[in-house]
Amino acid sequence: MSHTVRSFCCLDKDKPGWKDVTLPEMGPLDAILKPIAMCPCTSDVHIVELNMYGECTLGHEVVGEIVEVGSMVKDFKPGDKVLVPAVTPDWNAALSQGGFAQHGTGYAEGFKFSHSKPGVFAELFHVNDADANLAHLPENMDLKAALMCGDMMTTGFYGAELAQIEYGDRVCVIGIGPVGLMAVRACAIGGASEIYAVGSRPNCQQIAKEYGATHIINYKNGDIVEQVRKLTNGEGVDKVIIAGGDVGIISQGIAMTHPGGIVANVAVVGGEPNVPIPINAIGWGLGLSDISIVGGLCPGGRRRLERMARLITSGRVDPTRLTNLVFTGFDKIEDAFEKMWHKPADLIKPVVIC
Amino acid sequence: MSHTVRSFCCLDKDKPGWKDVTLPEMGPLDAILKPIAMCPCTSDVHIVELNMYGECTLGHEVVGEIVEVGSMVKDFKPGDKVLVPAVTPDWNAALSQGGFAQHGTGYAEGFKFSHSKPGVFAELFHVNDADANLAHLPENMDLKAALMCGDMMTTGFYGAELAQIEYGDRVCVIGIGPVGLMAVRACAIGGASEIYAVGSRPNCQQIAKEYGATHIINYKNGDIVEQVRKLTNGEGVDKVIIAGGDVGIISQGIAMTHPGGIVANVAVVGGEPNVPIPINAIGWGLGLSDISIVGGLCPGGRRRLERMARLITSGRVDPTRLTNLVFTGFDKIEDAFEKMWHKPADLIKPVVIC
Amino acid sequence: MSHTVRSFCCLDKDKPGWKDVTLPEMGPLDAILKPIAMCPCTSDVHIVELNMYGECTLGHEVVGEIVEVGSMVKDFKPGDKVLVPAVTPDWNAALSQGGFAQHGTGYAEGFKFSHSKPGVFAELFHVNDADANLAHLPENMDLKAALMCGDMMTTGFYGAELAQIEYGDRVCVIGIGPVGLMAVRACAIGGASEIYAVGSRPNCQQIAKEYGATHIINYKNGDIVEQVRKLTNGEGVDKVIIAGGDVGIISQGIAMTHPGGIVANVAVVGGEPNVPIPINAIGWGLGLSDISIVGGLCPGGRRRLERMARLITSGRVDPTRLTNLVFTGFDKIEDAFEKMWHKPADLIKPVVIC
Amino acid sequence: MSHTVRSFCCLDKDKPGWKDVTLPEMGPLDAILKPIAMCPCTSDVHIVELNMYGECTLGHEVVGEIVEVGSMVKDFKPGDKVLVPAVTPDWNAALSQGGFAQHGTGYAEGFKFSHSKPGVFAELFHVNDADANLAHLPENMDLKAALMCGDMMTTGFYGAELAQIEYGDRVCVIGIGPVGLMAVRACAIGGASEIYAVGSRPNCQQIAKEYGATHIINYKNGDIVEQVRKLTNGEGVDKVIIAGGDVGIISQGIAMTHPGGIVANVAVVGGEPNVPIPINAIGWGLGLSDISIVGGLCPGGRRRLERMARLITSGRVDPTRLTNLVFTGFDKIEDAFEKMWHKPADLIKPVVIC
């Protein structure tokens, strides 16, 4: 028996709104949840602005309560409060076995909400393989912190993982929206020494410093490559994490990195058909610089979510600095989305407590 | 022309004392330094108690000032104040090229002080390949912090590197003397979530907490394996770092680690001819547990030293919590050694400012 | 509805025999297969000799034909011929998500046959998560080769993976039974230069050479550590793979390895409560040698199996040199087991074509 | 005292010729050698065609005999015959300590011949840090094989290392000139299963097959991406190694690789200011495909050279299939260069035995 539920959707290009949608049938490993806290993401805005998937239910950042579970689910029961990741892989797929569960059955197919099934901005939502993709909400965890685990935090931390931060690394984090700020924190508790955070919004600069950035770089003060090169005595940084910017930002990342370094992207790169990689010496060095360029989607799933949560409960990370606008009541997701769409200058993440 | 200098030595078993020694000749890549701060190490005590190398000059923890440099030295000149690592490798040796400079020309042969040449507790001391093994003392760095870079900090951090700490790992650090405390800090800024620090001395427990330990485990309260298993709901930790204990401690480390985990040793393991690895299921699992057992000597050299220093100047680490007894005057190394030998309960590292 | 099938079992200590057993119920992801080729393993002999699990159906090396599939199985249907791995993990378990599917729900729990459910020496056998754990039998693949994929080959190759073979490594493979011979081949097509194969049986020595061993070392000619040290001009090897021997063999492996090397075990280590790790300089070097000691169980599953098969179909590996005794008819598994138990000197793997 | 020697040079754009040049002074770690076998490289041709470095002595592929050694050289003496790598790093530089000796003091600065000092096509040539950068010529090694160790072989193998070949990988090698052919061999003895070699010259196709390519792909038969996708049932390969082609080849490499794969470049990429990276789904997937793009210069030095040599002496690699034109007499380097410049269709590497 499937559920038909009221949900907040992309109805058409630039047209968000409410609609009843039918959830996929719950298989023996799956669960049906209701949201207890929700949060819109910049990518929800993109879905609406670009009408990326046609009509679809929005939302993939949520904390939920279990309503029903499939017959083979072992670790969760109705009433349990849970963390939910944006990426809920098919763990038994080929590429999942190969370490890339986010692409288990194909490129980015671990990211199912809004893409291959309705998103979470709905009275009820469906999660595949509940035992493998949900995590119990730790006692006493702030719901706003819990909301950040499944996408903003895990994505920012993935940037630091792709960049393979080592003790003493000098790292530049380009873009200090919510993902970039989490990447700054990931670097600070991941071994980096100096962290150069690139961004211009004062409140984000302030949070970047609290999270561990040692230097703030504002592109309004001149070329960011030159600023970084100057701070590193011309050497360039060890690693760059890209969490925002247009396609050209990757070439800037390369230009500020020394040979053997890594440029790691976790932002959605678009707007042009190609990312240009400069081949000059202060660049990719004729393809011989040993600078690695990598960009990826966070792997998702339960184990990773539990690890993110443990970083919060052990006091290493406080993501609530990001959630600086709070609404109350399920229906307020409409207002929260509106705020995310036509962003006030100081908004980072608006959340809805249902 | 070689130098003959007054130095504090192991003269015989249990017999430290002063003696004139002759330094190796300074080659074109080398430098002669004088100490400006020094610190005895537990291994200096072992050298004396076990008469490990016969008569030899003690000491490998030092901050120095350049007195002379060889003709090919480029980056240092007399008068420069420098950090000095305990391990000063031959960087062009075969195993150095293979990533193990500490063993470049053979097992542990990168560790030269007291072993293959006089140590640093002397009016002057010799450093091979100055450009590759020294680092400029950062402006405003506390000399006590600077003193910790070259051995205590880098060794503790090496423990965390061997353990390949990942975001969210639960880690047990066994032994919270100076190296263990640095390992705790390395875990806390290296991605660990919960850190279980095993030790019984109250001041070290206090510093462990300040450095980021989330739980203190005292062996006086029962079997440490059981305590760790209980804290992890029976799962065991992801990683163990061993920074103290007898040969049996490694089997305890294995027994508290889950399959696929890592047990990393940075303590000198001795007293028995063999380390016993238990083969039962809660152990090495008939050799099939996928638990890696590794123990190593910190790699040393300039690049690593600069990275340690940068972790201090960027505020990630403050090693001066370790240096809780300060003497003034070169000759006081004798008193500092005496304290290290017959340790008062609350002593961590005694330092001498020359 | 469960199946009750005639199966070849351990009935008691030293007492193999036939018995009817009931298979686990087939879940929606599972499959029921019948064997088309089977092979006993030394571990089947251990199960009988030590009465390790009480009464249980033996066997985990098999090529099968699908008889039934669960409702959610997508890639297989009755009549399909398939490769089956010895290790059939729960891919959605926590440690599976962490890269150790063989220990997904606990130590070695991915190894289910004979342990947590009946083995494959039966008219029918059960495989969990068919899509994730079976692989289509490639057209034209020799059944004897196919039989080797799921345990002997994948285990031998895992030894080389644990040893992290790099181009030009000198490797010693200790033990050249079927797993060791596959490890030799894995080294030869995995980048090793000189391969020292330790074993005394002439036919295995011959196959080791065909598989790429450059030197044969016979313990009857003297201490194997000395022989290896001599061949490497005293340097020691880069890596050791242990595929046989008693608990003392690991200390010999360490003693023939240079600092920074790896000793990788894929044999079942038993007979004593502890593996002794020597701490002298030609050994684990007081725990500071940077020699890694690791032992593991092959991860199993479909993706890995397909990769093993592709190494055969692309001509890199021919495992049929191992299968030097062939029986015909399902019931002959009793004779094959008897041969494996009371091994003639030149037997490597006896196989049964059903 | 410096040497002035007759050498074969780039005199101006498109103007090779002979000239007397003065060698750098021999320092205490250095050596002066005379060539006993030499070989021009495509990059020598580029130097002349593009007048890349102005007037300079050509050549970096050589087998030499020691003529003089510095006072601190330990392992070599006049008369010793030696292998010489194209890249002769400063092993004590910062990035050398960090694992990138080829860029030790800056981008590609480990590559000194023709760039920062005269090349090897001279009566005598200079090698820095002889103990760290030369290797004894193994007894009985064919001079033509020996000549290939220091650049063609080590560069091709570096491609496979950058691509992190794992057992069973399907790999596409684009470009089967000498470096690409060595990359094919590296894959075949490095764990690859299917190897798709892209090239159109019949003799190179033939050698690719002998070296282990399982499929030959000719761009004359259609789009190579489509050909590779078809051979892999639409999945794409695990890894791509690029050893030739224009800037657009990298985007083709990405388009034939599945998410999580690696595209590794070891060719000199030039001719355009930027390498375009396509961002569509069959491409870099909006920067989220987890496809790593890396391009590097082979690290060089003695240890690596000895490992390459050991792969030859142990029979894993026979690089003499590449050296299909042999001249005799030092002066014939002029003819060999001419052949490399205006390449006959079947020429791979012309060599000069002095």
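As written, the chains take the letters A, B, C and D, and residue 1 is the first residue of each chain.
The definition used in the following text is that a residue touches a chain if its C-beta (ideal position, glycine included) is under 8 Å from a C-beta of that chain, and two chains touch if they have at least 3 such contacts.
Source: prediction; values computed, not measured.
**Q** Give me the fewest steps it takes to get from subunit A to subunit D if each step has to go to a chain it touches.
**A** When the steps are counted carefully, the minimum from subunit A to subunit D is 1.
**Q** For subunit C and subunit D, what's the span in angstrom between their mean Cα positions?
**A** It comes to 39 Å between the two C-alpha centres.
**Q** At least two partner chains per residue is the criterion; list those residues in subunit C.
**A** Residues 98-99, 304, 306.
**Q** Once you draw an edge for every pair of touching chains, what topology comes out, line, ring, star, complete or other?
**A** Graph shape here is complete: every pair of chains touches.
**Q** Name, in rising order, each residue of subunit D that touches subunit B in their complex.
**A** 27-29, 72, 91-94, 96-99, 101, 129, 131-132, 301-304, 306
**Q** Taking the touch rule as given, give the residues of subunit D at its contact with subunit C in the complex, in rising order.
**A** Checking each residue of subunit D against subunit C gives 157, 160-161, 166-170, 186, 188-195, 214, 304, 306-308, 310-311, 313-316.
**Q** In the complex, go through subunit B and note every residue touching subunit C.
**A** Counting only subunit B, the residues touching subunit C are 95, 98-100, 102-103, 106-108, 242, 247, 250-251, 258-260, 265-270, 272-282, 284-297.
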